[in-house]
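Look at the two complexes coming up: chain A is in both, with chain B in one and chain C in the other.
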Partner chain A sequence: MRALGAIARQLLSLAGSLLIASFIVFALINALPGDVAATILGPNSDPASIAALRERMGLDRPLLLRYVEWLGGLLTGQPGSSALSGAPIGSIIGPKLAVTAWLATLSMLMGVVLAVPTGLYSAVRRKRADGVIISGLTQVAMAVPHFLVGLVLMIVFAVTLRWLPANGYTPLTSNPLQWLRHLVLPVAAIAVVEAAMLIRYVRSAFIDVLNEDYFRTARAVGWRFVPAVIRHGLRNASLEVITVAGLQLASLFVGSIVVENVFLLPGLGSQLLTAVNQRDLPVVQAIVMIFVAIVLVINTVVDICYHLLDPRVRAQDEETSS
Partner chain B sequence: MRRSHPLVVGAVLVGLICILAVVSFFWTPHDPGLVDASIALQPPSRTYPLGTDGFGQDIFSRILVGARICMLVGVMAVTIGALLGVPIGILAGMSRRHVGRRIMRWADIFYAFPALLLAILLAAANGTGSTMTAMIAIGISSIPAFARVANTASRSVMSRDFVAAARSSGIGWTAIAWRHVLPNILPVVLVQVSSALGRAILAEAALSYLGVGTQPTTPTWGRMLYDAQKFVYDHPAQIAVPAVFIAITVLGFNLLGDGLREALDPRLRQEA
Partner chain C sequence: MGALLRIRDLRIGFGRAEALHGIDLTVGEGARVGIIGESGSGKSVTALATMGLLPDTARVSGSIELGGRQLVGLSDTGFARLRGDVVSMIFQEPMTALDPTMRVGRQVAEVLRLHQGAPAGRARERVIEMLSQVGLPDPERISMSFPHQLSGGQRQRALIAMALINQPELVICDEPTTALDVTVQARVLRLLDEQLDAAGAACLFISHDLAVVSQVCDEVLVMYRGTIVESGPIAQVLENPQHPYTAGLIATARIDQIEPGRPLPVIENFWDGKEGRP
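Right after this comes the complex of A and B.
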């Protein structure tokens, strides 16, 4: 029951954060000095067409009223229409969202699959040469932006070896094999960097576990190393891994903006950049809000998981709520 | 002795990039903006130590000027983040527990605006991006990390005896914050500064690459990568130079941060 109360509180605070964040997004686009219509039409536009666009977008009405309308539109799935084509924004970004969601989730999945065994291995072998080498490599991988890893992978696997396409996208439904071939490099580009960060956390979490009394006791009473790690280590290390991986998933959605532009994937990030370059502010506003919402929702889910998994936090909740 | 390695390597790498940035103000081998199609894509030579790019511009000169932008954006952004984030964290850390938690919740809202997203938003609202919008965006997005670090550290300082002594002798809150809390949390903040610099420089590179930060007319490492990408088929080596410099700089700051953390935390010294 108390756990449910804690979850309800988290969800409530998520709703509050979303509201505040939506206001910030709206205010940054609409209330910064500089007229929205003038920005959309660019520096060489004549006053008459600026006035016409202001009229069409309803920009002369009070700011707060427009915010409430926009918010209502977001909640009902109609976040306005493009300032350029007049097409509803929902129909523009719907198909793009799928591309970005695939890219981000597959990257994180691959990141975790790479990081947990590697982190465990480097924790166990931390005093041997290979453990030290893994640590060094993660340091280097963390110092490289996603798009740079993407470029290097592109040069090796697409340009030199010609194993995979250098850019473009095929939807999953039209050709699953081509879909996979197009996603391998972008996914790997993100996964390598994110895994590097995660490996360091997994490594230090496992080093802590290996030094714990309960682990030594388990070994002393006859548990073999691998079962002991699985039974006692994974559960304790999983807390930290889930927290870090969750926060990474959020940052990775945003990182995908850059990687999509490297591999010309028609995702939300590419669309966002296109909209910025075309000065299509309503589209920019909607896509930024989607990203912000994704980040906030993921953070809340991570918080909830953390509460459910960690008996210590659970106990603390019960203390504070009673 | 072994423990100081990351600190020394990090300091050397960062120092190297700082020297490049300073040198660029006084001297570059060629005009970094001089376009000459007849000498495009040359391999390294005596006149062009790192070769020329697709426009015939000297890559080494552009790297020098790029170091300047990269350091400028990194340092300014982290200054913004620290100047706003640390006071928030101290305030939260000195408040009662539930008040502090509420303050931190507000600071956490900024987590929803990663540097890249905020920079794109500012660039869109402004018409185009600039070095300034990049700095502000990266700076604001680093606020919550600074606030969090300062919050945890000040809370532990507040539980120490000397603070209790100061409070019982009637010293005001601001004086306690200034004289006791800030000096004691400075080391942790310093570690955070170093790793925030690494992250800021990664973000700056991404923004310049996308063309939503510093405008393409100014040489930046990120934009050099963008320009080099056009030649991946015929001259893939073009991406190598800017790539290496970005990696060196970020690696330098990360190592510096790790080294500082180890030097300050005696518990870590025994481990590994």
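Right after this comes the complex of A and C.
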């Protein structure tokens, strides 16, 4: 029950953070130079028609009122409509969010799947040749940008071997196989680089655990090496790894724009760039808010994981709450 | 009394250096043998070799027989079957020797279930019984606690429970009380003494503390730089040390007998023969 209470507190603080963040996002976007009405009407429009359009769009009303309206829209899933096309923002960015969400989460998932066994192996073999080689390779792979790996993969698997499409996207709901074929290369490009980074953290986390007295105890009471790692190593090592993986996932959401452009994936990042170029501020505002919300949600999930995994963190929470 | 542990010409090397230069050692069934020596003398390496817990970079030659089984060259799987069941070990650092993310009772139960395959219900009963046997008050609460909720002395008792729950034939103690407060130290030593007696287990007790060893053991081996320099019944070694290093150890342990104003003895004095035997 206490654990549930602590999780409820985390969620409450998430809600508070989101509220504050929404105000900051709104204030910043509205403080930017560039008037939506002037942009729509073009450079040769007269001030009177601009003022008329501002009034029609409600831009002349007090900032705070517009913030409350926008917030209400966000909460009911209607964050306004595009200043250019008039289309509801939900229908514009919904499909784009799906692309970016698939790309980021699948990449990170694959990164973790690659990094945990490799990191563990290189921790166990840290004094042997293969362990040192893995460690060195990760150092190099970390420094390579996603798009470069993406281009190489594209040249090999799409252009030369013609196994996979070079670019484009098909939604999961319309054709799962095509969806997968389009995502394989971009996901692999991101996952390889992120895994390289994560391997270093997994490795050092496991080196710490293998040197811990409780790991020696586990071995001394009769666990063979691998079961000892699984029962007494994974949970302890995961505390450190989850923090880093959470940060990586958050930065993938925001940073996937480059890979999206390489593979011509219609993701949120590309949409943001388009909206900025078109001065479509309502769309920019909504996308920025989504990015902020994603980062905050990931951080909260990491905190909750910590809470579930480490009884010492739980104890601290209980002290501060009582 | 038959020999339980018989070590012959055991040599252990790391890289080019040799840490142990061929030692012989015998522990009879139910016997209490102390190993005493400074850090780096090879006492812990001897213990780890017997447990099969040396790092895989170590080179081991010679013979370690436990109840007739040859342990040198045994696979890790073979060792794992013995560890915690036939031979168990109590380490120096109770504060960090338990998994911080797992309840204490479960960690003790694991040892039982790993070797005996006891069903969860019976294992729980046995764990509670064992925890109360090692003198932990309110064993039910302790078994549901996480390590950080227990004191150092309580943790060491839990670790003793883990080491003894399968009634091993040999218990290796590597400075089990060094990290504890002096008052707690005495109580844990007494407990260990009783529990070893009750289980009829033999004990190889490693320490640098003569007083502690003389409290628990009947025989003592003195190690210095990877060799055994002296061995025998504890009273005989203490009263009539044959080797200058042993004489030095005993003299430096009895600082209350130094006349005021005289410098404290150091072991080098005894090597040079400048100092008489106490």
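Convention: the second predicted complex is superposed on the first by the 299 of 322 C-alpha atoms of A that agree within 3 Å, B and C clash if a C-alpha of one lies under 4 Å from a C-alpha of the other, contacts with A are read in each partner's own complex, and residues count from 1 in each chain.
The definition used in the following text is that a residue touches a chain if its C-beta (ideal position, glycine included) is under 8 Å from a C-beta of that chain, and two chains touch if they have at least 3 such contacts.
In this text the structure is predicted, and so the values were computed from the model without any measurement.
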Next item on the list: With everything superposed onto chain A, say whether chain B and chain C fit together or clash.
Entry: fit
Checklist line | If touched residues of chain A are counted for chain B and for chain C, the larger one | finding: B
Next item on the list: Figure out whether A:Ala98 sits in contact with chain B (first) or chain C (second), or with both, or with neither.
Entry: neither
Note to self: Looking at A:Ile29 after the superposition, I want to know if it touches chain B, chain C, both of them or none. Which is it: first, second, both, neither?
What the structure shows: first
Margin query: For A:Ala21 in the superposed arrangement: first (chain B), second (chain C), both or neither?
Written below: first
Check: Does the superposition put A:Phe225 against chain B (first), chain C (second), both, or neither?
Finding: second
Next item on the list: With the two complexes superposed on chain A, say which partner A:Lys127 touches: chain B (first), chain C (second), both, or neither.
Entry: both
Note to self: Considering the aligned complexes, could you tell me the closest Cα pair distance between chain B and chain C in angstrom?
What the structure shows: 14
Checklist line | Residues of chain A contacting chain B in one complex and chain C in the other | finding: 127
Note to self: Can you tell me which positions in chain C touch chain A when the two form their complex?
What the structure shows: 51, 53, 57, 76-77, 80-85, 88-89, 91, 93, 96-102, 110-111, 114-115, 146, 148-149, 159, 162-163
Margin query: Residue numbers of chain A touching chain C in their complex, please.
Written below: 127, 212-214, 216-225, 231-232, 235-236, 309-312, 315
Checklist line | chain A contact footprint on chain B (complex, rising order) | finding: 105, 108-109, 111-114, 116-117, 120-127, 198, 202, 205-206, 209-212, 225, 228-229, 232-233, 236, 239, 243, 246-251, 254-255, 258, 271-272
Note to self: Under the stated contact criterion, what part of chain A meets chain B in this complex?
What the structure shows: 13, 17, 20-21, 24-25, 28-29, 32, 34, 39, 42-43, 126-127, 139-140, 142-148, 151-152, 154-155, 159-160, 166, 207, 250-251, 254-255, 257-258, 261-262, 272-273, 275-277, 279, 281, 284, 288, 291-292, 295-296, 299
